[in-house]
């Protein structure tokens, strides 16, 4: 990839008890693109996010963001440097309104309360929550909560957002509505790395993808190519499946 | 440095006291290990048990060791009712709420007792209250030695219960995986209440073994609450063996602390341990679950 | 902004008390209600807004009280200076407890228990050490005069507690309308999500516990000067810790006016029971215990929550249950 990498991960290793959740993972996230991380359940994708954003300390390896070694820094310090993440299971700040929720993100760089609330309003409109600003965040639908998650992260004026399954739990029409929001984030100049299971989103949004299986990187490339990689097929469908599929296709050809 | 003639009796006394503490903590360990409830009313409930043993003795002439057949079952029922009737409704999703409710219960129980029994301390008289046993040159009160043995026996019974009976298996399943337990048909509310009841029954046992060498007053529970918590934390939040060992350690620390620092300051050692363990090693010395 | 106006109005009205109330008995009632509101609001900062339930708030109260008392009695320091010292010492104790617990991520019930243990340690220490008078306690000699922080009539005391409580409420208003407050409440509601958005949970909790300790400490200073007697049980015992948390629980944790509602509610109920049942030992505490259980079970949002439900909300349906919003 020609551009300078925004985020560079080298040789990340992490074990929990006896299980290696991340085994020597290395990748470079380029600036200004939407890239993705895919893999079957339990592959270690969320763990990788946690390692990158400071929620866990890696046993070995480095994380470099914008040229600075941020391995082992606390999550809040990493967020301050411009990399934020969302969570798979969305937990809004219950007991506060949508506006107040987003304002927490805005406060990262804005001291004044009025300023943060104003920014929150702008960001809410950007993601399509403008009509629900004064609603209690806890009463949002799942789709609304996902937008809130995006809005909170966006309000911090990040350079890189890591979206952890932001489309999980949405029905097809909701997915169709959220995809342009994500594209809008990129158009606003923010680099995006997605963890996603929803393949349609991966194909239509991301230009490059990495495939994780059992903690290891097994393939990378443009989504259309990667999806046909036999190793990737086997990771999702089981050993020998790639061969069997190829044979069946040969028969039907 | 005091010589062995003073040290040994102090340590031995500490061990017997520690066993009593462990007995109190065993119930809390079960309640915490299964229900993840930090039962603040533990001391107040111990006090109720003590009063029960006291009145059985003073009004009906029942020997405290015979009361072992009466008080624990009664305490079990009380515990079951409390859990099913009050505590289980407090959750609302935060475990501090349960702490608040058990705090409230402890306040109600203690102050009602204060109102009913006034603040006098009372002791009972048994034929063996003043018998002593000689061990390693130290003279230990017989009731305390009996209590020491009782703590181990109780822990053994609890262990057998958890390992060998159906109820025990249900309790362990519930402790590990609540939803799964529900799915296989375990009546979770009932099992929770049984666990709480068992934990309080342990207090009944503790009360029977404790009264001969101690006293009862409305505030007696106070002293035991934080100590019991310290033991549970030290022993690993859900391990009976841990609670036993933790109790013995705390008993010895208190005895030695009292020896070197004087009665009141000695207690600080216990709290210091509590704070340090929670901060630095919250899984305790043995750190595993029931 | 409207909240600030209401706050000003409420305190202005309360400020009329010494001009309107002739009887010392009733003025004392208002004073004790403000004092309870101060205790409650202090706890509310850390517990209601910060989500960290402290069971040992007496640690800060007692430190403020003992500081002003000891400085006065042992070293002849003027109690007004003692007030400042008391506040600072309470903040220092809060910083120590906060650092020990938050630095290592202690939360929830464990945090509550550790705060209790700290309060007990202080109680034992003050019980064993001579300069605090050990078990006997400290008696502050009667020496009335404004310069001595002892007032012949209750009016002087009223103004002191009124100012302290107003300050506490003003700070809480600020918390509800500032970056610090927004970050604190975010940490309360979801610490991980807050950190992912750049909030330093540790710093924010430390700020909360120190503010909380400050106001508890000031309440302690007031107590010492008002009652002129302290002992380890009064200063560091469970009664203060329980009252500190009961008031906001009754009134509504995490709200501005909750502690005031709770203080009033608690006093009303106490007076009522005294009328109906008489002044019996332990009865008021039994009441406190029952109230605690009942509130947690049935009204986790407190009295303020009741008012919120009565007032029609601007937009959609009220927030789902689940969780003490607090």
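So that you can tell them apart, the chains are marked A, B and C in the order they are listed, and the count of residues begins at 1 in each.
Please note the rule applied: a contact is a pair of C-beta atoms (placed from the backbone, for glycine too) under 8 Å apart; a residue touches a chain by one contact, two chains touch by 3 or more.
Everything numeric here is computed off the predicted structure, so don't read it as measured data.
Taken as a contact graph, with one node per protein chain and an edge wherever two chains touch, the assembly forms an open path, each chain linked only to its neighbours along a line. For chain B, the chain with the farthest CA centroid is A. One simple way to say how far apart two chains are is to compare their mean CA positions; for chain A and chain B this gives 49 Å. Taking the mean of the C-alpha atoms as each chain's centre, chain B and chain C sit 32 Å apart. Distance from the chain A centre to the chain C centre is 43 Å, each centre being the mean of its Cα atoms.
Of all residues in chain C, those that touch two or more other chains are 322-323.
Under the contact definition stated at the top, not a single residue of chain B touches 2 or more other chains.
Only residues 53, 55, 100-101, 104, 106, 108-110, 112-114, 116-118, 120-121, 124-125, 127-128, 242, 245, 249, 280-283, 285-286, 288-293, 296-297, 300, 321-324 of chain C touch chain B when the two sit together in their complex. Within the complex formed with chain A, the residues of chain C that make contact are 177-179, 182-183, 185-186, 189-190, 192-201, 254, 314-320, 322-323, 325-326. Of all residues in chain B, only 38, 86, 89-90, 92-101, 103-112, 114-115, 218, 226, 229, 262, 264-265, 267-268, 271-272, 274-275, 278-280, 282 touch chain C in the complex they form. Residues of chain A touching chain C in their complex: 53, 55, 74-76, 79-80, 84-87, 91-96, 100, 103-105, 107-108, 110-113, 116, 132, 134-136, 138-139, 152-153, 156.
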